[in-house]
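Next up: the structures, one after another.
Next, two complexes with chain A in common: one pairs it with chain B, the other with chain C.
Right after this comes the complex of A and B.
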């Protein structure tokens, strides 16, 4: 069943809101921030795409946000922006399902909870950190905020979180369980994540992020949240429609890309996944936008937002970083005719998610 | 919403504190045995020792080095999945070429609960990355799909304590939509020092064996395990006999509080009525309920209120006295028990219950109880305000 995209809310390294994402697509540039970790007497400075939560208090009073962590604040901000974009911010959300996809969940709060007992003993474990570290806490905050009493789902499956969760959103709409789905994809940066990536990838994460250099580790850590308001496609779509969602494993059964579709690949500078893209896209007109928002599992949600924006703007935006790119990579913005777009994301083991969109 | 086509259940598998497979679990539960004890797999400096229900024995998977390959939650998921697949007559070879989906609920299985690693990091040591590598290899649904070389949708649901119930409902909907021919669905979770510390910080764990629905209930006992069902399309099932049927699923969110259930139980009622409608059954057709019944004051109060209102006089039981609260696995394990009890025509006693709470509207079964009827309900309530309900039918095998 087709799903219509009625609203989008984004917050990432490029800024907040659809206009900020469009501006990044048009210029192909984003000012990458710096992360800084001080540990063992040394200072580690590195590029990082960080998301701001400025402006959340336009939607939710500061007092109501006191015990809510950064992960859920990012979630709430993008959810509010999406509902505003769909003119549903003040509407009845009792028939709106909430579906959230995250590769890792609220990492910072998970470690904050460990801090509470490692620093002060088990009898001082923090109930607030514990309850906010549970993976569906962000979805709960969204449901509470908007009085969304319909089904709620959180999916955590690394790179496949977004396509997998989309399957359920699609099914809920098809079965008539809900009238809308507020669908979000979120991941956050934390200091321990930097440590892990440094241990795994050494100095390979100093930027720039080069998605088409498939055999080179060039990922740059990112964070952000993107939300969509989805309805059945019998309503006019503000941004276009999600036609199909497919999951599989390239090793068991090679991915079949629809003929003539334009391809947006989720390549984000991870060498381990790069080899799968190299096999799959074979001369097809292709773009990759990770250099605008960085590398994190839920970033495939941002690829979907770019695809939706491209459909609305009738423009296939140029890839922002072309190092290592084959000739079929789109280097200049060009008008979209009737082509369909397909977002392809690979995990390191060859598992893939394929989301096809059209006007 | 539209009515749901019944989905056939062809295989069941589970392991938990009550037993190392379904037969052992049923045997010990109907003998009314349980064995809560202080955790043996980890220690803390907490002044109070809360009993847990750990697996009674070690288990071995047909893997070269199961301990280093996958985290314990995924090992549990695989063990239950292998049992369920064997029960349904499938093996890796015979699944080849079939469209097989995997939908698994968990909590610990997706959390970076690596406190030894993090302690070393905080201490300025550069900890080895083995535990992180194992975490990254151990997403439960992906592990089952990878291990069995499956090509189909897979999803790991992290809806806290309703994850397993939700996973079964969502997996069944893939079959109805024609997205696959077979689904391995259920839940898995290991005992962890992190959740042990977390639940004790919330002051909802009992210092003794838990007492669901009892007047002296003080909280839950944590447990671990996995419960899996094999769901099949009619086309694939052929002449195979049914262990049971997945008739309907409903879910709803309280939108009320991060950890406490909504006092009037509106979300749970909404989930129940959605499940009834999907299954095209009326409350009168329900022969028993496998309740969430954690033994916490709040949960049992809300649940008994809703049960007495929607399903008055329908017998109900919490099996958490035998298994502990296995979090993301609970819905999977309890769905397996529900189908098994329908087949057996009998419910185990609600262990731990000895005196009714006048504040609660009903009481669970206090002894092993014969049941008639072909339809039962299993329900889960969760942090985040999630409520999930399955309507399950009796099979012919």
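Right after this comes the complex of A and C.
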């Protein structure tokens, strides 16, 4: 069943809102922030794409947000922007389902809670940290805020979280359990994540992010949230439609890419995943946009937002970083005719998610 | 820093009262209800705050209830336990 995209809300290292994403696509540049962590061994400085939650109090009073963590605040901001974009911010959301995809969930809150437990014992563990560390907390905050009394779900399947969660959204719409799905993809940065990535990848985390240098580790940590208002495609779509969502494993059943579709790959500088893209996209017209928002599992949702925006703008945007790129990679913005777009994401073991979109 | 000053600081930081300054919390202002506007979940957080920052354990809420009236009463309770 096709799903129509009626609204998009987004916040990431490039800024907030669809206009900020469009501006990043048009210029092909985003200024990467410098992260800084003080440790016993000295100061650790590194590039990171961080998302701001400035502007959330335009939608929700500050006092109402005081028990809500950064992960849920990013979630709420993008959810508000998506509903505003779909002209549903003041509407009846009682038949709206909420589905969230996240590779890691509320990392900072989870580690803060564990730290407080380890440092001060169970009697000093914050009940607020605990409740926010539950994986479905962000989806619950969204449901409560908008009185969305239909089902509320969080799906975590690392790199495959977004396509996996999209299948649930599609099923709910097909069954008529909901009239709309507020679908989001979120991941957050935290210092523990930086520590782990530095142990695993060392200098490979210093940037710049080069998605087409498949045999080189060049990932740069990022965070952000993107939301979509999805309906059945019997309504006119504001951006375009999601035709199909496919999950599979390239080793068991090699990915079959539709012949003339344009490809957006989720390559984000992870060497372990890069080799799969090298095998799959040979000669096909391709773009990758991770240098605009960074490396994190939920970034597949940002690829999806770029695809939807491309359909609306009738423009296939150029890839922002071309090091190592083959000749078929899109180097200049070009007009879209009737082509379909496909977002392809590989996980390290050959797992793939394929989302096909069209007008 | 006095116990009262430290209490005001940690209340704001740990309860994320971003719109409140320490000097706006009067010593005898009610912590719950019409005063500072804290609620029942904050009461649980207060128990944690008092133990974490002052090393004073409040074992049951009946004992804590009179102490949780204001910064004055809470500071007095902490000082008594630390004496």
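One rule holds for everything that comes next: the second predicted complex is superposed on the first by the 358 of 359 C-alpha atoms of A that agree within 3 Å, B and C clash if a C-alpha of one lies under 4 Å from a C-alpha of the other, contacts with A are read in each partner's own complex, and residues count from 1 in each chain.
Here, a contact is a pair of C-beta atoms (placed from the backbone, for glycine too) under 8 Å apart; a residue touches a chain by one contact, two chains touch by 3 or more.
Small disclaimer: the values here were computed from a predicted structure and weren't measured.
Superposition of the two structures on chain A shows chain C fitting alongside chain B with no clash. In the superposition on chain A, A:120 contacts chain C only, with no contact to chain B. In the superposed model, the angle subtended at the C-alpha centre of chain A by the C-alpha centres of chain B and chain C comes to 70 degrees, rounded to the nearest 10. Of the two partners chain B and chain C, it is B that touches the larger number of chain A residues. After overlaying the two complexes on the shared chain, residue contacts for A:62 are found with chain C alone; chain B is out of touch. In the superposed pair of complexes, A:248 makes contact with chain B only, with no contact to chain C. Superposition on the common chain places the nearest Cα atoms of chain B and chain C 9 Å from each other. Of the residues of chain A, those at positions 116, 123, 125-127 touch chain B in one of the two structures and chain C in the other. By the touch criterion given at the top, residues 39-40, 98, 104-105, 107, 110-111, 113-118, 121-123, 125-127, 130-137, 139-141, 143-144, 146-158, 160, 164-165, 167-168, 171, 174-177, 192, 195-196, 199-200, 247-249, 252-253, 347, 349, 351 of chain A touch chain B in their complex. On the side of chain A, the complex with chain C involves touching residues 62-63, 66-67, 116, 120, 123-128. If you check the complex, the residues on chain C that touch chain A are 14-19, 37, 41, 44-45, 48, 51-52, 57.
Contact residues of chain B toward chain A in the complex are 1-2, 4, 44-47, 107, 110-113, 115, 118-119, 121-122, 124, 126, 129, 132, 136, 139, 141-142, 145-146, 149-160, 166, 170, 173-174, 177, 179, 194, 197-203, 251-259, 266-267, 270, 274, 382-386.
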